[in-house]
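The structure is given below, and queries will be raised subsequently.
The letters A, B, C and D name the chains in turn, as written, and every chain counts its residues from 1.
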Amino acid sequence: MSQNYEKVERVTVPALEEILGKKFNILNDGFIRVVDYMGGDSSIVQAARVSYGAGTKKVSEDRGLIRYLLKHRHTTPFEMADLKLHVRVPMDAWRQWIRHRTASVNETSSRYSIVTDSTQTTNPNEWRSQAKDNKQGSGDYLPEDLGKKFSAEEEDIHKILFDSYNEKIDAGVAKEQARKDLPLCTYTEAYWKMDLHNLLNFLRLRMDSHAQKEIREYATVIGEEIVSKWVPHTWEAFNDYSLNSMHLSRMDKEALNLIVTGNYDKNSPEVREVFGVKPGKKSREHNEFISKLETLFD
Amino acid sequence: MSQNYEKVERVTVPALEEILGKKFNILNDGFIRVVDYMGGDSSIVQAARVSYGAGTKKVSEDRGLIRYLLKHRHTTPFEMADLKLHVRVPMDAWRQWIRHRTASVNETSSRYSIVTDSTQTTNPNEWRSQAKDNKQGSGDYLPEDLGKKFSAEEEDIHKILFDSYNEKIDAGVAKEQARKDLPLCTYTEAYWKMDLHNLLNFLRLRMDSHAQKEIREYATVIGEEIVSKWVPHTWEAFNDYSLNSMHLSRMDKEALNLIVTGNYDKNSPEVREVFGVKPGKKSREHNEFISKLETLFD
Amino acid sequence: MSQNYEKVERVTVPALEEILGKKFNILNDGFIRVVDYMGGDSSIVQAARVSYGAGTKKVSEDRGLIRYLLKHRHTTPFEMADLKLHVRVPMDAWRQWIRHRTASVNETSSRYSIVTDSTQTTNPNEWRSQAKDNKQGSGDYLPEDLGKKFSAEEEDIHKILFDSYNEKIDAGVAKEQARKDLPLCTYTEAYWKMDLHNLLNFLRLRMDSHAQKEIREYATVIGEEIVSKWVPHTWEAFNDYSLNSMHLSRMDKEALNLIVTGNYDKNSPEVREVFGVKPGKKSREHNEFISKLETLFD
Amino acid sequence: MSQNYEKVERVTVPALEEILGKKFNILNDGFIRVVDYMGGDSSIVQAARVSYGAGTKKVSEDRGLIRYLLKHRHTTPFEMADLKLHVRVPMDAWRQWIRHRTASVNETSSRYSIVTDSTQTTNPNEWRSQAKDNKQGSGDYLPEDLGKKFSAEEEDIHKILFDSYNEKIDAGVAKEQARKDLPLCTYTEAYWKMDLHNLLNFLRLRMDSHAQKEIREYATVIGEEIVSKWVPHTWEAFNDYSLNSMHLSRMDKEALNLIVTGNYDKNSPEVREVFGVKPGKKSREHNEFISKLETLFD
């Protein structure tokens, strides 16, 4: 190991440099901006190759290595790249966001600063119904005349709340107490830093169709507008091995095997038994299997 | 190392067992309950002793060892005990709470469940003024007649917001969207688990006089009513080496040395120079030093 | 939410209580013992149910809920149970073990204590060849006469190294320096605590056939002898949804679809093209797909 | 908040750019090189200021703000800067290093690659005696004639071990098994990334006089040669508020108060009683207090 280490340059990604500081607008008054970053696809490769020792030849192209690492969940090299964002997000979406504990965060303090009158507002055609098949999600949009009523009400409420807030501030109430009746949809701002491995986890969960629409819009911009430019090989691999992949449980495998080798129908008693579905009953897991089958066999 | 390991029993702390499940009421409608725990003072000692190897004699009593560990910031043995709480907390205090990233958390989902009409309310004599010396804290209570006005307003606001919420729920708006205009002071519930090392950090920050009054009330109950019973030696040591301790910076040490060896006055140019205070100017750091002096010399 | 919280009892798991402290022997002189634990299957259910709010009815049986959570990667409830082990492990296996950063650890200090002469030894029939298809694994056992030579050499080496170590200790060399030439296979001991979510991750990686045999033996005992007794529903679900599951990439799905809907052969140009395999070339990813097919279609 | 966000540039630190890739030699064959970094002193300020909201004026100069943050343990802004190192370290020092769990790490795999014959060697004048006052540290150097003997023995041992290792590799033993008898002082390499907040913790512990000499040499180079150039304001503040600071316990404060207000001697029964020292006995804590007094009063 007598090699002489030469001066190196920081890893730079021109496609990301171009959008540094650019404001991506989200919802009525939110945004995301890239503030800084460290590394790129080549940093992942660099870190992975140290595992093979200094004397190892370049066994594969960068793209191939990144795909191999991501496929086989060799996650540590993806921790070697970092992204720092400046975001403005409604507090109720921020509550979901902040549950990702591996981030570094500095949020605007409403104990220290007066809260700006900026809230997430809803157009009359944007009120969503409760999902029927899902206790936590949204379904179709509600009729617009109902929406008109709620949007008008929303405007009134925000006015009442911020008038009350400002009145308290003017009367000398402590900022940390005056904020208590502001609505959950008040915007907050933060600097937020995360490494790429954990960011992909964030995106997998928050770009998912089960995530709430609001945070999904942020996650989609981070993925499609930012990560795709920053680490294009990783982004492609993440789409192929995670976003567009499918997981088969032991039962899924057994049922699939019955179907292709034994010519059983997807609803046959034998297949249903694999999932423990009793005669005349329904089973969420069996239904989920049938959906997977349709994807594979159509 | 041929010793034969005998069956062991779980570490049990009778004083904590007595209050398992007991509801400590906090604020107008919040609470804390201990749900489960692992270990106690003896677990800390047990883990620390493995560091000395199987052959080492018991060099000190448990209390002495715990004090030594805490004094010298040997923090890992304190990770060997866990506390699990069930809490009900206003969401704006919860926002501060959740910033402690080393916890395990399951919070009630307002995407999944209807939000109960429970909010933090403020008595007329509990409205606090903005602190004068501190941009983020509270000062004295405001006059009660002003408080009466704000408390009445608060009641009206909560009624408006929950009426609107319930109206939307009844009209079929998705729960995840209907909640957006609820106030930050709405109560939420969670199961929250943390190891003792990180819990002491939480308490150091949240029992501090600079913490917001609301979260300070929770932290004080956790410390004084729960941790004190669970791990009494650790709690005593934490008081002696952390809560009631003092930190002297390089400048504090130099200034103190000038005063005791050179008979300089605390305001003398020589002392002020240590802190880089220019003539005729004030300096927060110099003032903080004088406060420390008063504690030590009075 | 006016319910009155009654005194609760700690979650206790009788099947685990029975083996508390019991030494599971591993390798020639290693072991694992359960020292303490918090929670069990019922703690996972308890934490998950807080997410549905106090008023929600029991929508499913415990086993079904645990399976649902694990299938859909709702991971936080699994953080609510903890396991604490006392282990003795060769240092080179410990190096892999300690890479799991979410554990709490207290390891015997060889700066503080004399290192006991306990090393991992290898029987003549246990020397493994380098894997042919895998740069980092082991293949078949080497011939026993070669093994005899290496085992004898191993014994000599350990004697030389511990004689030298003890000679240095006797001559007054600092323990922290004297240990420097001890072999990587020297046993170390530790208390090691991890929550169940992270423990399942540990088991997924370390019970895998690609993990080194030594750590795999430890992981297998933790899984099959301990976790299976502690949280039987979780263990069953983990087997069904993780250990015995299969992941299909976008390419796997497309190739499978070609085969079942278009009657393409698994080696046909169309299938190969999905994986980007050039004519006359081999591709690891294509081969891995064929292995999956064999599992599904046999 | 109508401000228009302009394109920004990455934070760049010219003094650190100058030493990117430069090899700092440590011990006989170790090194540290900076591979990449994100941010600098200005990133800490930038993140802290978001806490004060967009409308807040620049209330203090950067240096003052950084000192304020570090003094008052506002730690999150220091997470906003990252350092990535390439290191070569003896495995027994690496075992201490890797205990810092907040790092991202890719280490050379000796399952995958042949281990290079590079070990930490000791000159005849570098053998250290066991510390007398400290069960885990080193004291004076041993006589050089004794050192000569040990250094010669060390050379022999390393030859035996690497001859045996290479013999096994040549005979086809799996790399993951052949390495088992290599000495703990074998060098390993890694890419290692950590944020500045956690790096300062690492430095506080590993630059300390109680840390083992080997890791202390690495930590000192990281601190004095790298961090000092990268974030000079933070480094200065870290020296003033951490490295050169002093912590007074409740007992220290009480004893100090007795001495300065009551003219008690440092050994008087009243002072000793504060520390619970019984007549005719010694107490480590009392001795540590006397050392502090000497620092303050000399």
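Assume contacts are C-beta pairs under 8 Å (C-beta built on N, C-alpha and C of every residue); 3 or more make two chains touch, one makes a residue touch a chain.
Remember, it's a predicted structure, so these values are computed and weren't measured experimentally.
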Return the chains shared as contacts by subunit C and subunit D, ordered by label. A, B
Quick check for you: after a Cα superposition of subunit B on subunit C, what is the rotation angle, between 0 and 180°, in steps of 5? 180
Self-contact between copies subunit A and subunit D, residue sets same or different by half: same
Farthest chain (mean CA position) relative to subunit B: C
Compute the distance, rounded to whole Å, between the mean C-alpha positions of subunit A and subunit D. 36
Could you state the distance in Å from the CA-based centre of subunit B to that of subunit D? 28
Set of subunit D residues in contact with two or more other chains: 105, 109, 112
Subunit C contacts subunit A in the complex at 68, 71, 239-241, 244-253, 256-257, 260-261, 284-285, 295-298
Enumerate the contact residues on subunit D facing subunit C in the complex. 90-92, 95, 98-99, 101-102, 105, 109, 111-112, 120, 122, 127-131, 135-139, 142, 146, 150, 153-154, 157-158, 160-161, 164, 168, 171-177, 179-186, 212
In their shared complex, subunit C is touched by residues of subunit B numbered 1, 4-11, 17, 20-23, 29, 31, 33, 35-39, 43, 46-48, 50-56, 76-77, 79-80, 82, 84, 86, 88, 104-109, 112-114, 116, 118, 189-191, 193, 195
